[in-house]
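Lettered A, B, C and D in written order, each chain numbered from 1.
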């Protein structure tokens, strides 16, 4: 019988939305078996939740140390192989670090750490280990994002000349305008969520997407953040100008005060020969623009898509898949890596993406604080 | 520990798309545990597939008889409780019949049977049993379809005055125009797929949707089918006029020759006070039309939605969910029924829907063959 | 100096929306000069309105007889050449008849007459005259409708196999449900608007569009109308099944009780090789569907469009044109015909379209009243 | 008889698209009569064109001097009252100046001048004259842009907190990448089109739109332009960060290298209470976003719109109007001003808008050249 990969989860307890997302993603391709973890810092709640999930409580641990100690003592074929880290941001680094040092594969939520320094340290540790490390920039799992990447890599756009990515939400609006709420929300507390709120949470998705689909690297950036109130130290809106080279530029616009927007994450890539557009809220449409040609609308599951894209679609065209399916594709990529099967490196974001993402956040804040100047990345 | 419901599957073997849909749906809310079944008529392949899924092969049976015999002899808490029937259409009836007679809960793919007579028989058997019986009209699981139903039931549209449902696909186009292919495709063989191709496969979804969202019953219908070629006996396109009462009418349009369409299933319900529109390919948008008012666009996960709708959404607004999530909602409803928890009868389609669906198909064909006349339903 | 065509208008007085539409359309390509007419049955108001328009009142007449008498006595180069008939429906026939008999070119609003018989008579008269006669099925002037026609004629869709046209409005809703209003509205009075309300007003546009874009002729039809109340004798909703040949079918759906819809006129034509979709409320988009290919979105003004389409666009792509521009294109076509310049017969709808349109209405009502049976057209 | 306003046109000769736009706009509400002008620098062509238009050639002049001399000598009621300046950019200033100094009303295409200095001079001259001066920022004439303005002014969005305007085109793509073409195109020649290409042509529309709809004034800006090649001195892409006050910011993104885009001009305004979105290519839709509420889609012609918006719609909802209608609304506003009728100052853009627009362009270039720094406006 095919052995499923034994998965543990840190965090993601009852009522955790990210927990649901990861568990469903893990189960989607029948590659993983959730065997335990630390779902909640309160052990009793952790156990209670495991029972609800129908998981043996013997592998629900008091804390990460206990997990490592116990699991490491199990025979290799029984041991948890990969751990998903879904805890609050400030715990990502210490937990991921211990896991790597103890030979576990890691699937880490973003932002990977709270500082660039931590990210670099983690990168060093990872380099010397043989473990798989994935950062869940979920949106790279969408079939049409993957198609965008492949089309660009194949040269269908020609040389890239302009990049425009937007990630607009409005959810922080009722919080930011309330002095009481804005001083107590964890997202606006640098101790808990790192040095940036908006850019750290969603701007980083935009940044990762830019580099993922274009294959280009941002060389320098100029950022303008908005804190909205003098008593708030964290950005709730940020625009970042990007330079890839002298004449290849881009823009990332991220906001949590775009009133009424939900998760309006859109990508536009323009090359000398053609342009591509995609939006997260309607993820099954990819728009190809060519001068003097009718716009083409590509959809998942068609034979005209690349292999990387087609692998991410489970049903024929016209059956909409969504964000769970996107994350499921990332989990499947990680499974292939763990099993040492062939896979396309674009199947999941790695430590490299995680480190660059943290570098991006740090440089954005630095550019803003230095008066909106260009900073090398 | 919470016990998961023990699930068996008939059909849905390797490469079966419907199998993937059901397995993911079953796993989504952590209510079911797939323990075995008959995945393939070839037992060796069935076993091989079970191994790929990581399922113990001891409960992979040679055939349904073996499954029933063996499972029935197990202690109640170990026994398969519910069986999903994903086999070819003509096997639905005999299999579902045996399962019901032996006390298993059943989740049956549509069309429930190949004839109305079979459907009625199954209905009789079901009436006398205490088992749960669900027919997977998948699309009723979408949060915005459920919202549509609730808004109509609450009277937000006023008295319904016009219904217009479309289900357009183009996939049969390359088959129907090829004499060789159209004489060998199982979909166009009445022995294998029943008396109707297009109406039986997708028109029936449209019919179920109409009754599901409006709560009205179609009283009579007039159908015009298109066979495209004289040597073909099965419809590939059908338009059906509906009467709910003297002045309340509707239309179902279904086609498999709508060249280039994928799964363009759209619903429009107009009442005296307002109208609602929804489309399957963009399932997360529901359009509310009111005379002299700006159109409103409702989306899943918002507090303004009904409880029935909100229960079907797992993440906050802006995170698109798709067809797997829709089917997952149906499976969750069935789980509640099996566990005798409280549930809304609208959480899954039942035997009643299945019987009406088969009656619809039969009456449509009858109306057409009698020269496009009105037939009572 | 180039002479503009001298235009007179019957009806279309102050506050007449159709008057604005025709006057702007006439001026758009600098082909016409409005010189007079009978704008209102009340002569004083007619004169007052002419003054507002800045037109010499000497050619504002008491009635059509006076107009004909006076204008006919003018030297040919001063005489009104073409008259637009924008009066209430029941006046179209007598007025158009007199104009034709006296050698005037005519631009007639639809429906051309109130009965098929009148239409046929008018057709006879027209046949024997040398005048140009146009019926303003406005929507055929849109560049993308013209493009649709040309693509079909060139065979880009292959053999047409299915036609689906919808024209949904909701405006009559507040009237039809009010016993007082529904008994006093002229649209619901057969004396004033002919034997059909919904089909006569908008279904006829749908019918004309079907024949215009496909180049096919409807051979027979089966109609189901809805009167909504027993005390109302006029349809406010109608669905019509169409047959072009044994296996080539279509549907026209028209409604004035589609609550909240404005002018939702959409056209879908499916051929063996491809499909085309267009909608009036977003008239600058034409969707080309091909099996296994990305959908293509065509827009006006691009070189990939046909000459007939390009002639109907005044600005480069991306500058939206609307309904005035569409009517302007029809007026320009008529101008070419009057000036005996070369023109494409598809540039404006003619007497033939008008006669067929009235035949359609009559047959629809007949089919419905005979119990929803097939009627030859 | 009502006298129409006597209109002259400079430029806009045969094949001039802008000429068609202005002539149709002028005729739309029957307020103007085109009596002559200088359509072409070649007098013979100018006369020939006038003949095609059906205009008396006696008032087609050799040049502006001749026009002024001759028209000024006419009795006041015969004289041209307003002149539309549609000549190449560098002629706007000298021509508008002379016209103002000679007491003509002016409708000037944008950009109003080629430098800020010229604009300021023109502003001074205008201040001391009693003439009407309009700059044709065409897009402010759209009914839903006007509705946006009114809703914001009424406070429906609450305090504005974020502005995002995009104007993307791709037309210069084939020119900019061709060394020969980019050195010979007038748009890229500062002598002919001023110091900026992209920002001067379309960024200025975006800037005017921002101030028009929000009623706010940009206080400072930081710009990053893209020239694409070292041998090109003119921007073909520009991103501009805006500050209205410490915590109220905005972004203008303009591009002519957004491959495949036509005229993708979109506006997003977010306030504390709600957001509004509009796009030029689908100008009849205005999207209202409110936290926790279904998005509302407003359309022209509905009673829920403001008077300013309703005045700009000629037909009932569902009849799409386009860019000619938008410009027509501006011409009508100018007509009201000339006739000294009551009008809303928002009915047409004035000298103030023209001067600010030129200031914007100058400051954008300055910010870029100084190394992307903040510059006061």
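In this text, contacts are C-beta pairs under 8 Å (C-beta built on N, C-alpha and C of every residue); 3 or more make two chains touch, one makes a residue touch a chain.
Just so we're clear, the structure is a prediction, and the values are computed from it rather than from any experiment.
Peer 1: Between A-B and B-D, name the chain pair that shares the greater number of C-beta pairs in contact.
Peer 2: A-B
Peer 1: Going by the average position of its CA atoms, which chain sits the greatest distance from subunit D?
Peer 2: Using the mean of the C-alpha atoms as each chain's centre, the farthest one from subunit D is B.
Peer 1: How big is the gap, in whole Å, between where the Cα atoms of subunit B centre and where those of subunit C centre?
Peer 2: Here the centre of subunit C sits 43 Å away from the centre of subunit B.
Peer 1: In whole angstrom, how far does the Cα centroid of subunit A sit from the Cα centroid of subunit B?
Peer 2: Between these chains, centre-to-centre, one finds 35 Å.
Peer 1: Hey, how far is the Cα centre of subunit B from the one of subunit D, in Å?
Peer 2: One centre to the other, that is 55 Å.
Peer 1: Enumerate the residues of subunit A that touch no fewer than two other chains.
Peer 2: 171, 261, 288, 293, 295, 299
Peer 1: What residues on subunit C touch subunit A, complex-wise?
Peer 2: Per the stated touch rule, the residues are 288, 292-299, 302-304.
Peer 1: Touching residues of subunit B toward subunit C in the complex: what are they?
Peer 2: 157, 161-162, 164, 170-171, 173-174, 177, 222, 224, 226-229, 237, 239, 241, 247, 249, 251, 253, 255, 257-261, 268, 270-275, 288-291, 293, 295, 372, 374
Peer 1: Across the complex, what residues on subunit B touch subunit A?
Peer 2: Touch residues, subunit B against subunit A: 1-4, 17, 20-21, 23-24, 27-28, 30, 33, 50-57, 169, 171, 261-264, 280-284, 299, 314-325.
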